[in-house]
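Here chain A shows up in two complexes: once beside chain B, once beside chain C.
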Partner chain A sequence: MKEGPSLEAMLDRLAAIPGDFMREPGKKKKGEAGLQLTALINDLLLDTGDLPVSAGEIKTLENRNEEREYLRILSILCHLFHDPFFIKNRPDRGLIRKFLFSPKLEDLASCAGDAELFITDPDRREELCRLALNAVGLYPAGETEKRGRERLATLDSIERKKILDKTRQAQERAREIREAMLRKEAEEAASKMSRE
Partner chain B sequence: MGEVQTTEDIRERWLSVWEEAVGLWSPYVQLRQPLLCRTEKEAAKEGLSSSFAMIRLTDYSVVVSLEQVKKLGLENFPMEILAHEAGHHVYCPADLTDLGRVIGRIQNAIPGYEQHASLIANLYEDILINNHLFSEFHLKMDKVYEKVKGGSKDKLWNFYMRTYEVLWALPALTLTEEQVDTETEGDAILASRVVRNFSREWIRGSGEFASICYRYLLESGVPQNRFNIWLDSINPGDGKTIPAGLSGMDEDEAGTGVLPGELRKAASEPSSDQGKGSKGNYREPYQYGQILRAMGIDLTEQEIAARYYRERAIPYLIKFPSVEMPESEEPLPEGLKEWDAGDSFESLSLFDSLLKSPVMIPGYTTVERISGSSKGKEPASEPIDLDIYIDSSGSMPNPSVNTSYLTLAGAVICLSALRSGSKVQATLWSGTNQFIKTDGFVRNEKEIMGILTGFFGGATAFPIHVMRETYLSRKPGSRKVHILVISDDGVTTMFDKDEKGNSGKDIAAASLKNCGGGGTFALNIYGMNKELEAAQKMGWGIYPVTDWEELMKFSRDFVKKHYGRERK
Partner chain C sequence: MRNEYIPEALSERVPLMKREWLSLYNRMGEHPHAPVWNTRCGDRLFEPDLESVKSFALKLEKGSREFGISPPESIIAWCEKMKQRSPWFELKLAGINMANHWRRITPMTRSDMQSRLELIVPLDADLSRLVVNPTSGTTGHPIPAPNHPAAVGCYDPLIQYALRMNGLKASCEGEKVAAIQICSQQKTITYHTVHSYLDGAGFAKINLEEKNWRTEESPALYIEEMKPVFLSGDPYSFLDYIRRGIEYRPGAILSTAILMEKVVREKLQGYFRCPVVDMYSLNETGPIAYSCPDDPSKLHILPHDIFVEIVSEKGEPLPEGDRGYIAVTGGRNPYLPLLRYITGDTASMSYGKCTCGETSPALVNLEGRKLVLFRSRSGKIVNSIDISGIIRSFPVYSFSYIQHADYTCRLKVSAGGELTTGSIKLMKENIESLFDNDVKLEIERDAGLLKNKIIPFICEAE
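This part shows the complex of A and B:
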């Protein structure tokens, strides 16, 4: 992994995202064009040294037309990666593309519920910045690779979802053990009573 | 460090690293120097018995037993141990309220084992602090545990140690006593993920951590004494101080944990209980008591209940009525007198003191103004006292166990009255001769709250004699009193005959006349009966309240509805 831009610069860029990027993707309102996400992604890929959006990818985006929050996260990431740092330093080809079309972003959208959280909530903003850097093989300037990964772990919503699912299972297991113990106690008490 | 170190050497060395240890957490934090006890007797005097170190959140101190440190062979870990203790003050739990919130969450996660919540909280806080110090500052936290490792095969302890091994990538058996089974290995991995992921929102993660520990509590039963030496923040209060804010619950506390998006959604959507007393957002009094007891707070059930209702009543305090008196009195300056250092600072007149001498010497050159009074033009106001009768018969909930909206309404009205300068006479009543009351009209909040939170749960017989003794021999010109009775249809026992055979109706009518401030019944009834209609004709204001939670609304509307002349 290599050193990327400073986290502060990324956070500032995200906080100052133009309103156009938060428009409803793909749809048209009265007198207002909807956000053309495919064009946005295409521009980003070309500007960062990658190939244009393929027909298959266009189809994928069209199929996900209803996944509003996922599409909004894509739009936010387009703005984030359009930073002069990435245009100048061009991450390894394919990494941005891979990240934008990865199932991770769908999970992220489902965890957050509202993509706007990645702009308005300081922790989620930091999470998206760190996640984006990590996806393209970078860590924030001034940090080490290890520290960057550790800090991302403290913010990772997808990881939290997995933890919550697992702890629910642990709770369920403990509940079963407790019920079994109570049942056993009750049986022992009943057999003692009948003996007496 | 092969040579033998004396306690004094250790003490000096430990004191010399204190500032640096605190500075690891923040360069701006200042904590008083740690109390490094030379002998076990000294340590015991500070309240340190089983562990070798502890914190006190009430005076922000750290206490370490150097004797114990020597016994355990930890004298060469001053930075690790002192930075850890400082972490309890700076990071978690940092204050008693947060500790209470954590204990509340943990108790929800370990039903049946609530008494061990403070132990789990201590283990959770320790692992968060140790992980921060290990990964951020490379302190040898692992070596501290390794040094004291010895022989315990307690399942909870082994799981906990395995979590450290996973978290810090240590080989198995570095801290654990025996190989753990696959399930424990899975739990340790999960616990380490909780520690990493919730390190910023550590309160939220406490329930998750406790959920994982629950199985080991079930299997181990009572945790072994092995834990004791590590329990440095198990009772960090002074046993008396009750932190504020524990009667309420966090939005996500009752569940098993939520994601940030769900949390935001929950916060933006008011619960269906809100506005009706917000039952969903508050603990029950028994849960509140459980938390306080787990925090080592040694108060009676009634004291805890009084604190609970006080805390819940405070957001609803209302402006209590006062009556306008013909004239007020205005201050009339009459001169100066000497002000001494023991006098109240507010009365010191800096201007007059400096006129007397440019050098201020308390007691010599300092003066205060004295003034008499003259009749003013503005009307004065005099607060109306409150005489409150709370029904505590069998149909009412015990306020120490479940939320009693009667008690809560009583608390709101009484505390409001006290705040505006009124005196309160509170009477809790149930069957014949089953009553407790304050010693007349008092301004002692503790005494009043003690009456309000009492419980009889017996029959229903209004204490007519209390009313008779309060009002029938009342002197004309006494301060006005408002009589408030909170009950259900059992209030009509007020109109029965008293123990002397006098008519309750006559006593009620005479009391209403003599009190001068009116009377109100707030009743949990669904309709009026003949006796209540007669009471209304007598002059009692009757407010049917069909839901206990609506009593809260009643108490807020009480002043406006009844007086209509609330002062602006």
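This part shows the complex of A and C:
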């Protein structure tokens, strides 16, 4: 991994995202000004040295027309990667594209619930910046690679949700078992000819 | 005709009850000298459960029960499957090649079973069939273990096998009383029932304590009339049976719950003149081993679906002949899959075919739950099972009970916040009443009991 821009610069860029990027993405009815996400992604890929959006990718985006929060995260990332640092230092070809179309962003959208959290919430803002850097093989300037990974792990929404879900499931299962045991202890057992 | 009608209360408990089994059932329950029955109980087996017990019995008879210091392939395959279903197995087996590094698997302990049960119970286990069998609490760690009627049903073929290997020739099936379980306690459940697996053979659990019977002679008359094929119980209850002069001699004696000392065995053999079989069985594991007919000081591993090893405190497998903790893997309880479960008892292991013909390894010099009797100042004997029965009725994880030479008693308990000051006071009153209130008891909390190996009962009074 290489050193990228400073985290502060990324955070500032994210906090100052123009309102246009937060408009409702996807195709809109006639007369409404919807965000043209395909065009945004296309510009980003070209400006960072990659190939234009393919027909298959356009289809993918169209199929996800209803996944509002996922599309908004894509829009936010387009702004983030459109930073002069990436245009000048061009990450390895394909990395930005791979990240934008990865299932990880869908998971992230479903964990966050509201994509705006990646602008307004300090932890989620930092998480998205670090995720973006990590996806293109960079870590924040002034940090070590190890520190970058550790900090990202502590901010990881998907992992946190998994842990919370598991904990919730375990607690729910523990409650079920406890209740079943108490109920059955009060009832009769099954007959056996020896004792223990 | 009354015999054509199966009461609903009975068919709920014995779902496969047949009309032709009713006459035996009623004879056991309504005999003029029958004890006071204080509960109802049945095998709770449905057709698929019975099929599974029969299939288990078949494998027990035909399958290989031979294994060495390493787990057999069948156990490794079972653990692999369990990894997908039980979070405990997933956690403890992560990254471990079981065939090569079995010793690296962290053993399961009683404390885990008490505090992490939700991790052990498989995620897909249907809790609607769960039953909880009471334990006599002779280990000091009363574990209310969840079980399934089909797994409890497997006790029958296991017991039959152990008795037959020890020379019992009579069949336990059909229209006869297969067994009477003898208890000698101030308080315990008593019931009579029939077992579907044994084609409606009867079983009764009775308590010799006088207040349960119509006359002093009733226990002897009842047992004589029922003619059970074998008697089950613990060494103390059999000694009480002898003390009361009950003359009926069954085809075999099956002793569990408390380890049988040699002197007790000799006394029972002399009196009953029939095979005396000791079975090592725990509530959380089911039957583990039975005494060898040629050398009762060793106990052969009984079920074909468990792997038993002797390990150090840290779970290192020990060589043949070295004393260590007994650890059990496998089993058939769908709610309690065992992974190197340390029972808390110690023994050494002997491998290879035995002179008795058994091929499974044997536990040698088992040190476990001992018979301990306490005394009131007036000389009244108090059975440790009665004390553990009271302790078990409170939310206690672990305990250790000692009677000093001056007759005073001290009970150390490990328990959570559910054990209130009021509960402790009530526990003290109940135990002191066993001693007719002439012995003083002090109860204190000791969290360290959970971690340590404990001796549950010690009596220093002469």
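General observations
In the analysis below, the second predicted complex is superposed on the first by the 161 of 196 C-alpha atoms of A that agree within 3 Å, B and C clash if a C-alpha of one lies under 4 Å from a C-alpha of the other, contacts with A are read in each partner's own complex, and residues count from 1 in each chain.
Keep this in mind: contacts are C-beta pairs under 8 Å (C-beta built on N, C-alpha and C of every residue); 3 or more make two chains touch, one makes a residue touch a chain.
Not measured: the values here are computed from a predicted model.
By the touch criterion defined above, A:R173 lies against chain B and chain C together after alignment on the C-alpha atoms of chain A.
In the superposed pair of complexes, A:I163 makes contact with chain B only, with no contact to chain C.
Shared-chain residue A:M193: touches chain C; no touch with chain B. Comparing chain C and chain B on the residues of chain A they touch gives the larger count to B. Within the superposed three-chain model, A:M181 lies in touch with chain B and with chain C [touch as defined at top].
Of the two partner chains, chain B is the only one touched by A:L155; chain C is not.
When the two structures are aligned on the shared chain, A:G113 is found in touch with chain B, with no touch to chain C. Look at A:D123: by the touch rule set out above, it reaches chain B but stays clear of chain C. In the superposition on chain A, A:S75 makes contact with neither chain B nor chain C. Overlaid on A, the two complexes show chain B and chain C touching the same residues of chain A, namely 170, 173-174, 177, 181.
Residue ranges of chain A in contact with chain C, taken from their complex: 170, 173-174, 176-177, 180-181, 184-185, 187-196. Residues 13, 39-45, 87, 117-119, 121, 123, 127, 130-136, 144, 146-147, 149, 152-153, 155-156, 159, 178-179, 181, 183, 191, 193, 195, 203, 232-234, 254, 256-257, 279, 281-283, 287 of chain C are the ones touching chain A in the complex. For chain A in complex with chain B, the touching residues are 111-114, 117, 121, 123-124, 150, 153-157, 159-164, 166-168, 170-171, 173-174, 177-178, 181.
By the touch criterion stated above, chain B contacts chain A in their complex at residues 109, 111-112, 135, 187, 190, 193-194, 196-200, 208, 211-212, 214-215, 218-219, 256-262, 264-265.
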